[in-house]
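The following pair of complexes shares a single chain, subunit A, combined with subunit B in the former and subunit C in the latter.
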Partner chain A sequence: MTHEPEQLGAAHRDLIRLVLDDDRPGRGVDRAVMAVLRDRQRARRWRTQAWLAAAAGLMVTLGLGVWLWPDGVTEAPSGTILVQFEFTAPDAERVQLAGSFTAWQPTAEFTRHPATGVWRVTVPLAPGEHEYLVVLDGARWVPDPAAHALVDDGFGQANSLIVVGPRGVVRS
Partner chain B sequence: MTDTADDATLVAQVLDGQVEAYGPLVERYRGRFGRYAVGLCGDPDLAADAMQEAFIRAFERLAACRKPAEFGSWFFRILTNQCHNHRERRGRQHLALVDVHEAPERTDGGLTRGEIRRAIYDAMGGLTADLRDAFLLRDIEDRSYAEIATLLEASESAIRQRVKRARDHMRRALEEFA
Partner chain C sequence: MMWHWLMAAALLSGPMAAQDPAARLRAAGATPEYIQQVTAEFAEAARDGLPVEPLVLKALEGWAKRDRVPVERVVTVLAQVRTRLTEGRELARGAGVSTPPDALVTAAGEALGRGLSSDDVRELVRAAPTAPEAATGLMVAASLAAQGLERAAAVRLVHDQLAGRANPQAMLELPSALADVLARGVPMSDIARQILSGGGLPGGIGGPPPGTPRGPPITPPGRGGTD
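Then we have the complex of A and B:
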């Protein structure tokens, strides 16, 4: 049988309980807790909305915007014409476009058509001549065999050339 | 959502994104564990702070509450940790705070309520954390030794020893109020 230590005494115990009961935290705790949680929920919602808005803006501003420009559906930015590039590279994991119109940064991403396997990208180009290259898997810079012409890049290699007129791509 | 909903229902509602369902849980366990929190902290304001932080932490980790029907037991552990942390942080500053709000009301023995109150807080403040925990759970919260042993992760015999030592100390400290 287990032994119960000598009791404190009812009077002492009741006195302690009475004092502690009097000093128990009141409803102010409930209000403070719920206020903090409501604020956090509001802040979280705001952050989520801000993030979604920023993400949407980023998609339109960067490469994903190109995906949203199927031919003839969206108007090109003022003074430009939408030009679609096609490239066949069945073994490539990633295909990008870089040219004088992107300051030679491979910022325009091709997408592979799921049925044909042909890579496509549409970019707005101002009327005039533009040099460009296709970047395969982020490493190999190759000319476009369908280009209007190949021009010397000044370093012993060739760049592709496209000519854009006021009404669209000029076919040679 | 109602204030009488059981813990499991309220926890499920909170996890479903209904923040307001947490209100009844806060009210319920603030009332149920308030006395214990004050005893552990040794100061009403400190206890209120500890409770507030404990409820917010519990809310943040609610998904980790594996048995929502036993939210109270789960929260109790969080509260205990918070009270210990707050008390360690504050040290014994509570002695000054307790006196600030006292009215000089005389009792039959010629002592004011404030004097009695201060004596009780002083007496509890003289207990080590281990003894105070065991004493409060046994004599103020009426928990069984088995429960206390589980809560404090100690053997039942160790808890009995602590309760005995705590009672001896409290009895001596409050002798004049017998």
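Then we have the complex of A and C:
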């Protein structure tokens, strides 16, 4: 093990101060050496814990990022929460989302996962309830089977309903 | 991909919602004839001091579904929404909120549209510490009922949350929590029974905090409401 001169100097100063401060005969050096060793061990433990905490934090952040923002979206606008919608439509050429949060315009485009064929889109939604439908190939408006509920749209059909909480949406 | 994202974000932003309703309909591609017919309902609502936003959203939805929904039907639905908003406002006033904010009137109207009774609405408004919390509570109760939870249980669950001064944001988690419990295979009837016995959702979610007074007597289904 090697020590930088400055670190060595500081350790020596601590040791000397502790020895001089201890007024009991024969006890000062032992106590002082143990105190310095304890300080060093504590500092080493703190450094190790700090590194572990930083690494864990990074992994959690990356994990959440992959889970919440698989479409490459990185940030939700203020006051909104990113919500991912998934839809299985193997024969569709195009899948869009239209709802109260898009002024009912099918502007949110799903992208198809090449391996699974599942369509996904992530949109920022304000906490609260939202009605929506999935638009297949620009023509068929269908409900989302994974929504919280279906509600009467007043026009003789049903809209999908989700309620977004502060932690997002849990959908089975 | 990104422009869709940006558009969604823009649509969510406040300034868009604050825009002139006719301009929003024009932006959605609505014809002048359509705009003329639906804006008459908006004007009526504004004259009565009712929130116009629920009507604008319904009109936008009607336009988006124009292939299947004739404009006459849209106008009829707008009139129904307006009636429910009026009733919701009166119920909120009757429950002690002399000047109900738009969010509360909207939530009360929606709750009535989703099958909550007048008594349910009044009870939840009375239980809420503030008008915004009443609005959240009504919305959540209506959503839980739409998920298939017995109306009395939905109202009781939310009532206990409001009476227990639960965080209103946490109340918004209840529909997800209910979906989660259902996905684990718990029958809806068991869930309702536990809620009505004061235990909240299975798993301890949504139960009243210790020391919270129990909810009001719950009217059995089929005998509820004054409507």
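Worth a mention:
Going forward, the second predicted complex is superposed on the first by the 97 of 172 C-alpha atoms of A that agree within 3 Å, B and C clash if a C-alpha of one lies under 4 Å from a C-alpha of the other, contacts with A are read in each partner's own complex, and residues count from 1 in each chain.
As a convention for this text, a residue touches a chain if its C-beta (ideal position, glycine included) is under 8 Å from a C-beta of that chain, and two chains touch if they have at least 3 such contacts.
Worth saying up front: this structure is predicted, and the values here are computed from it rather than measured.
In the superposition on chain A, contact of A:Pro77 is made with subunit C only, not with subunit B.
Contacts of A:Thr107 after superposition on the shared chain: subunit C is touched, whereas subunit B is not. Set against each other, subunit B and subunit C differ in how many residues of subunit A they touch, and the higher count belongs to C.
Once chain A of one complex is fitted onto chain A of the other, the partner contacts of A:Glu129 are limited to subunit C, with no touch recorded for subunit B.
With both structures placed on the common chain, the touch criterion links A:Ala149 to subunit C but leaves subunit B unconnected. Contacts of A:Arg167 after superposition: subunit C is touched, whereas subunit B is not reached. Taken in their complex, subunit A has these residues touching subunit B: 2-9, 11-13, 15-17, 19-30, 32-34, 36-38, 41. On the subunit B side of its complex with subunit A, the touching residues are 19-20, 22-23, 26-27, 30-31, 34-39, 44, 47-48, 51-52, 55-56, 59, 116-117, 120-121, 124, 139-140, 145, 156, 160, 163-164, 167-168, 170-171, 174, 177-178. On subunit C, the positions that touch subunit A within their shared complex are 1, 4-5, 7-9, 11-13, 16, 24, 27-28, 57-58, 60-65, 68-69, 73-74, 77, 80-81, 113-114, 139-140, 143, 146-148, 169-170, 172-180, 182-183.
Note for the complex: subunit A touches subunit C at residues 71-73, 77, 80, 98, 100-109, 111, 121, 123-129, 131, 141, 148-157, 161-167, 169-172.
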